[in-house]
Each structure stands twice: as C-alpha cells, then as structure tokens.
Amino acid sequence: MKDKKILSLVIRWLILIVVLIAIYLPIALIILYSFSEVRDLGGEYGSFSFGLYAKLFQNKELMTATMNTLIIGLVSAFLATILGSVTAIGIHYMTKMRKVVDTASQITVVNAEIVTAMGFYLLFIFLRDVVHLSFDLGLGWLIIAHTVITTPYVILSVSPRLKQLNPNLLEASMDLGATPIRSLVTVMLPQLFGSMISGFALAFTLSLDDFVVTSINGGKTYTISTFVYNHIRRSGVLPEVRSLSTIIFLFVLIAMIVVNIVKNKNLKKEK
Amino acid sequence: MAYVEEKIIDLVDVCKSYGDTPAVKNLTLYIRKGEFVTLLGPSGCGKTTLLRMIAGFESPTSGRIFIEGEEITSKPPYRRPVNTVFQKYALFPHLTVFNNIAFGLKLKKIEAGEKNGKTIYRKLTKQEIAEKVNRALKMVDLEDYGYRNVNSLSGGQQQRIAIARALVCEPKVLLLDEPLGALDLKMRKEMQIELKRMHQELGITFIYVTHDQEEALTMSDTVVVINDGQIQQIGTPKKIYDEPSNAFVANFIGESNILSGTMIKDYLVRFLGVNVPCLDKGFNKNEQVDLVIRPEDIAISENGEGQFKGRVTSSVFKGTYYEMNVLSGDYEFTVQNTSEFDVGKEVVLKIIPDSIHIMRKMRTINSFEGEIEDENTVYFCGESFEFANRGEFFEKGDEVIVKIPFDAIEITDDENDGDIGATVTQSLYKGSYYQVQIFTDGGEDFFVDTPYEWGLGDRVGVRIDPQKITVEKVDYSESEGDSANEKG
Amino acid sequence: MKKAKVFRPTAFAFPYIAVTVVFVIVPLLLVTLYAFRGNDGSFTIENFNYIFSQAAYRNSLFKTVGIALLATVLCLLVSYPVAYVLASHPFNKMAVLALLFVIPTWMNFVLRIVALKSVFNWMGLKPSFWTGIIGLVYDFLPYMLLPIYTVLSNLDKSYVEASKDLGSNDFLTFWKVTFPLSIPGIISGISMVFMPIFSAYAVTGLLADAGTTVIGRGIEQLFSQPSGYGAGSALSFVLLLLVFIVMFLSSFITGKTNKTLTGGKKR
C-alpha cells in the first residue's frame, strides 16, 4: 500500500518535471548562450561575456522596436485599464442591457485574431479613403487597436471584484452629495485598485505578446514581435535577441515574485 | 412631541414600473415635518422603491415628488436635501470612520454672506468638519473610533457610523432602508430605542422602511401600510392595529382571525351563522364585509356563556400565554389565553362587540359561483353568459368559479340594453375613473370600473366582454380554505 | 428648474459601447461588405468562388483545420495529465508549481519560438511539418492547461470520496466522475487553442517548412495589395463563420454537460 503511494507520487513528479523541462529548456539555453557571443546555439561557447548585451543596446532598430513595444504596451494598457474599469462599473449596474454589452465585449476575445486585425486594417482604409482623415498606420493606430483588444480583459478582471462590493456604495456617495464622476473617482475606483492593477498587467502582457494585429496595422512601426519575426525570416538568426529574451524573462520572473510576496502579505494581513 | 402641521414631502400620483411590472401604482402621500413615518409592507410591495424615489436613486415613471414645496422629481440624489441609511451600511471600506462621516461635509457648501446681491458659498473648514464629525461620533456613542478602519467594527457599530454619516449632513429628511435588518435581535432592540431617541433630539423627519410590523408599531408616529404598490392604510400605530381598514392590513399587522360576514343592520353583523352585536355602522343593509377579531380579544371558557361552541385542536405555549386553535363549525379560531385548555376539550367562545372590527370587503375581481351549460356558455347571476373558452375541457353541469375583472363590464343607461339589469348601490371616485358597485336582479354584487359617474339607485344594463371572463373549475381542496383562518 | 434626468450608473458603460461600435462592429461590417462586394460595387459572391476555386486557398483552409485539430489534441494530451497532477494532493498545496507553467506566457511568444528554433537548429532538426506542430503545442500549452487545472482544482473532493465509498477503484472514479466533471474545462481549453491557431502564422512561419502554414498567412498576403481585399475579406468571413460554429458547439456541449450534472436536482 505504502509502496503504491510512493510510486504514484514519483510518477506524478516525473510528469511535472518532464513537461517543465520541455518548457524551460529552450529558455534556459537562451539565457546561458546570452553570455556567449557565438552566432548559433551549440557552437563553441567561448568565454563568458556581456558582448550580446552591448550589441543589443547598439542595435538601433531593435532598440526602437523595444521602445515602441513599451510605449504601445504602457499607453494602451493604461487606457484599457481606465476604460475597462469604468465600463465594468457601468455593466455592473445594467439589467437588460447587460447581456448585450457583455457579449459585444467578448467579440474580439473569441474572434480569430487575423479577422480582428483585418477589420482594423479595413477601418483604417475606410477612414483614410472614404472619410478622408489624414493619418497613417503606426504607433497611434496601434495604441488604439491594442486598447480595443485588451479592454475586455480588464473588464473581465474588474467585474468579479465589483460583485463583492456593497451594492449601495455608489448610491451612498451620491446620496452624500458627490456627483457621479466624483463618486467614481473617490469611491468606486479606490475599491477596484487591486483588480485594476492585475487588469493593467494582463493588458500590458497581451499587448507585449501581440503579433498579428501589430504586424498588419503597424505600417513601418515595428515592435519586438514584428521586428524579430521579420528579421529572422529575412536574414536568419539575430544573436542579440538572446540577451533581449533574457532581460524580458528575468523581468517577468522578478515581477511575478514581487506580486506573489505582496499577495501573501495581504493574505496574512486579512487573517 | 408636538407636530408642526407642515408638509415636508409630497408625493403626487407617483407610479413606477420596471418594464411591464408595476412596483408603485398611483401613489399619493404626504409626510409632515418632524414625523417618524414608517413604510411597512411585505417584501416586494414597493416600499423600498418608494424610498429610493425620494432619495433620487430611481425616477418615477410618472407623478411628481416635492420637498418643502419644491419639486425634486428629476433632481439627482446629490442635489436633494435628504440622506439615506442603507440596509447593509454601505460604508466606504477605503476610508476611516472619521473620513466616512466627513465625506458629505467635505462636499458641502454653506452660505457665506452676500456679495453684489449674490449669495456666495464656501466650503467648510477642516476645523468645522472635525467638530461636526466628533459631535456626530458622540451622538452615536463611538467617540474614540474616528481613526478606526470601518471593516474592524461590528455590525451594530457600522450601522451607527452609517447613521452618523447621514445625519452629519443635516438632511431635512433621513431615509432609513431596513437599517436594522442585518442585526441580531438584541442589537436590533437597542438600536430601535437609540433611533427613537435621535429622532426626538434632532426633530427632523425620519422615513423608515421595514417589513417588521413590531418595529413599525413601536417606533413610528405614523405607519403607512403598503401592499402591491398601493397604500392600504395610513394611521397611528394604535389605529392601524385596532382599526385595520381591510383584511390585508389586519392580517399583516399582528395575529388575527379574519372572517367574512354580512352587516344585517347598524351595530349587528352575522357571521358563521350567528348574529353578533358590534360597534360599527354606516354599511349598506346586507353588505358583505370582512371582520377581524384579535386572538387576545376572544374569551374562552369551558362552559361559560358565549356565541360559538368549539373544540380545541391545538395548543402552544408562547412564553406568557397559550395560543390555541378552536374549531367551531368549519372555521378555526385562533385564541390566546393565559390558561391552557387541553386539546380535544369542548369550549365556548365569547366575542364582545368591542373586539369586533368590521372592514369593507376588499375585492380585486368579481367572482361568482356558476355552472357550465356548454363549452362556451356559463350560467351565473340567474342568466347565461358566453365566454371565450381557452381550450379547457368543461362538461355540462360542472361547477365553476367565474371571474370578471372590474374593467370587463360595461354598464349602459338602458336596463334592457344589457344582458342583465342592475341597480347602482355605490359609487366611488378613484382619481381617473369611478368604481361603481351594482346589485343585479339576480341578487349578486358587481364591481365595475367606468369612466362615467352614476347616481345611486340608477337602473342600468350590464354587458360583459366574453373575452375577459375567466372560468375555473371548482377545486374543492382549495375552496375549503375560503372562509378559513387566513393567518400569514 | 432645469430638467435633469436622474443619473444612472449604467451611463459609465456608454463610452465603451461607442468604442465597440466604431472599432469592433464597424470593422466586422467592413469585412462583410468587402467580402460581398464586386469591383463595381455590386453585391456578389465572386470572392467566395475565387477562394474556393483556387487550390492554394482551399487547401490551406483545410490544412489549417487539420493542423489546428492535431495541435489541439496534442495540447490536450500533454496538459490534462499535468493539470490532473497539479490539482492532486500534495501538489495542490504548492501554488507556485502551477505558476511555473504559466510564467512563460508572460514573455513575448515570438521570442519563445525563436528560442525553440535555436534549440531545433542545435539538434539538427530541419523545419518540417512536425517542428511546426511542436511549436504550436509549445506556444499554446498553457492556454489549454490553465482552464482544465482551474476546473479540476475547484472540484468538490466529496464527489471522488463518494465514488470510492460506493466501491469504484481509482481508474473508474477518474473515468466516471473526475473526467466528466472536468469537461467544461476541456471545452474552454479547446476554444482557447483551436481558433487562435488559425492566426498563428508567426509560429509556422518561423518553425515549419514552407508548405506548412496556417490560413492567417494567406489572408495577410491577400491584404498586402488592394486588389486582394475582396478575397481576403471573403476568407476572413469564412473564419468568422467558423468562430460562430465553434462557439455554438462549445456552448452546446458545456450546456449539455451542465444539464447532465444538475439534471437530477432540477425542479
């Protein structure tokens, strides 16, 4: 009986470890080889060096793409967080309209991304050629597109928190003399702060991760995804991508650790 | 305390419906300055909707609301001189107790003299706010709690803070939406006394919503009983208890025996086959009435004098008295007495005139017993009527209940013009129409809603819309309860 | 007195409704419009005829369905055991463990695919059909894992205990109790993997051979010049229909399992 239990435990550990290795092996190798200047993985490792990191910061195109990624990610996540939270509050008080708005907000979530991307592109064509607005594909258009795509995820992360709130908070605030906008800012948003932060993080990583919409609506503006993809398709491996991957991975790891520490602290406080 | 006879709130013909569901129907009500008014009714009766319309969270579908003569029907809540205490407190969890109470004060602007003929306003200073908050905290006995986190307080303490937060804004009217509903019994009793004290000290108007009749009776100056979106009765707690205006109020307030009877003449009512003297007059001869008798007002004895003989069917000790059911004929009386009578014992019940309260019959639909003639014809009131059969199976001779809404009946000047003839016996103006009671030649009472005024004693013809007649088979298992005790 | 309507908090959703109409509904209408519009502006189904008569697009569409099915099934086969283990004792007490499977998704997926590509190069694997499939599984695994794990870890233990109490062994308990109860998670996982693969041409483009690509690539190429807008929109419209079908199927199956689960109690 006891043997059987131990065996089952060992098998289960094995399953987890094998899959984890498969997931992390490429990442680990990339990190390892980010400190070597060799062109391809598996080649002569050579000496430990920060050469690829120096190269990364000297690669103007890659640096621009990184900056674009950050600008688009931060600005669109910020806009999506504001829009999504305010919308979630509106939806929360809806009765009949709720289902319609909820469904509408899910369209971009369930739709094939390529269709969404093409929709944006056709809208651009329409605005330029039919409405005669003079603007071009690029950073601004990408910020709008990313905001639209990520807002539903903010709504999804804020809504559950709203359900936990006292149903009369907004009314109480207005009852005491605060206008709707003031009530929103001084009473509702502070309650939602935590879920807005996770909504922001989600929106940011989704924006960071996006390829299809960005590639089709970016014009000459490249983000990390589109630049790296195009460069590798055209001219093959770009060694300094390894150092960029390492930096991003470490950043994500540290962020996760910090979030978990804060979460645990809050949990303890509640207890 | 003395009332200043001055209206503070005036609701005129207020209606509210959600989609097709009416919540409040043509409600007209005024509230005097300084009163403690309770809106009492079962859940879903429209009392909270009414309160929320006064607060400004809902706007009426039609009708107008005034505060001190000024119309506020479409004013947003933040511009109304009323404040609300919510059932679940709704304290702001991110603010301290102090800042919760100061919330409204920080937004408030007060007059600060005049400049070029215009009144200028200013905000309260920090010190003024602090003073007011501390005074409010003192009033609710939580002086040292200013810097506490609201989540660390007990339910009762949170409720006190919610009350302080509303009162500190010096509203003209304080609205309380079942404020004690979430507290345990002991706490509730304490807070009842506390609220009553605050009301007396502050002298402002309280409008209190509750479904707890005991709470309403002990705290209020005036009770407004609401059911089905309509006011059933307005009066002092004593009046409401002693003289309920209809069967619903009698049933909802306290325990009661409700029976149907007939007014033989002034001061004499017949029920359960016995003529009993009473103190009521002014009804029509042989008018059908409801009567209410409180269980504590029935004298019970083993072989003393009394009008009704019966047998004890159950007995429960309620702390200071026994509550017994006594079956007399096919009606089961509820009787309260300090001494117990064993189950099965034959007893005599005595009802004195003072303990009988007669009410006009509350009818919402005309309902008659009838008999099926064929699948589209039913016989009642001494005449055959066509009706629209909704696919039900009836056989000739089936006993049925025929129901006819008030507005399905048309009355005409010519008594020969209708299906049956009748005489107008009563006419009541109901705002937008008349509700007329007619007595048919077949010997039945009809209620009719009509746009025209009719004189008493007018001879009329009656026509009934066949589409609106509902015919139901008599279900004997239910009809037995017809005259039985309607305890809620 | 100024007539002001009583404020409704639902108004807070209005800006977003406007945004959705302009940036979500209108674009979809434009896709539909272009799909059914001929060069002269009249209504036509010519664009659909074109994409279904051209072997390149027709085959690509069917191939994409095949690739998506295969990758989805592989994702399920790998992630179900993992989710099951993670939700079982004593692993359910180690919250960090589940997190480890998700962390990579927070990093840019192109960079992860590039990392995988470097490893394939090292191992001497030439771009092929299967490297593409492995890439897709690698990329989408967490999206399949997470919903299944969530359902399994929230499963009431008493079901399993009741089953064992009634005499079934571990395998029967899994097959008759745990697995059926986890179907909503599987459905949700499938819907998070199957359709997105249609657009994942970056993965196949980096890892697979030239012949292995998904339909998203075809659409992208059609849109690269104005003459292709019609056919590209038609292809997009077909995908849109497919999305509806998948949505309908998944809500149908989820609804059915939920009904079976609550069937006995329904009044």
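Think of it as A, B and C in the order they're written, each chain with its own count starting at 1.
Just so it is clear, a residue touches a chain if its C-beta (ideal position, glycine included) is under 8 Å from a C-beta of that chain, and two chains touch if they have at least 3 such contacts.
If you're wondering where the values come from, they're calculated on a predicted model, not measured in any experiment.
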item: Longest centre-to-centre distance from chain A, chain (CA-based); value: B
item: Chain pair with the higher count of C-beta pairs in contact (A-B, A-C); value: A-C
item: Chain centre separation (chain A, chain B; CA means) in Å; value: 56
item: Centroid spacing, where centroids are CA-atom means, of chain A and chain C in whole angstrom; value: 17
item: Multi-partner residues of chain C (each touching 2 or more other chains); value: 7
item: Chain A residues counted as touching two or more neighbouring chains; value: 174, 180
item: Residues within chain B bordering two or more other chains; value: 56-57, 76-77
item: List of chain C residues in touch with chain A within their complex; value: 7-17, 19-20, 23-28, 30-31, 34, 78, 81-82, 85-86, 88, 90-91, 96-97, 99-101, 103-112, 114-119, 121-122, 138, 141, 191, 195-196, 198-199, 201-202, 205-206, 215-216, 219-220, 223, 229, 232-233, 236, 239-240, 242-243, 247
item: Interfacial residue positions of chain B with respect to chain A in the complex; value: 19, 55-57, 76-78, 82-84, 86-94, 103-104, 107-108, 165-166, 169
item: Chain A - residues contacting chain B, complex; value: 96, 166-169, 171-180, 182, 187, 190-191
item: Residues of chain A defined as touching chain C within the complex; value: 9, 12, 15-16, 19-20, 22-27, 29-30, 33, 40-42, 83-84, 86-87, 89-94, 97, 101, 104-105, 107-108, 110-123, 125-126, 144-145, 148, 151, 170, 174, 180, 184, 205, 208-209, 211-212, 215-216, 224-225, 228-229, 232-233, 237, 241-242, 244-245, 248-249, 252-253, 255-256, 260
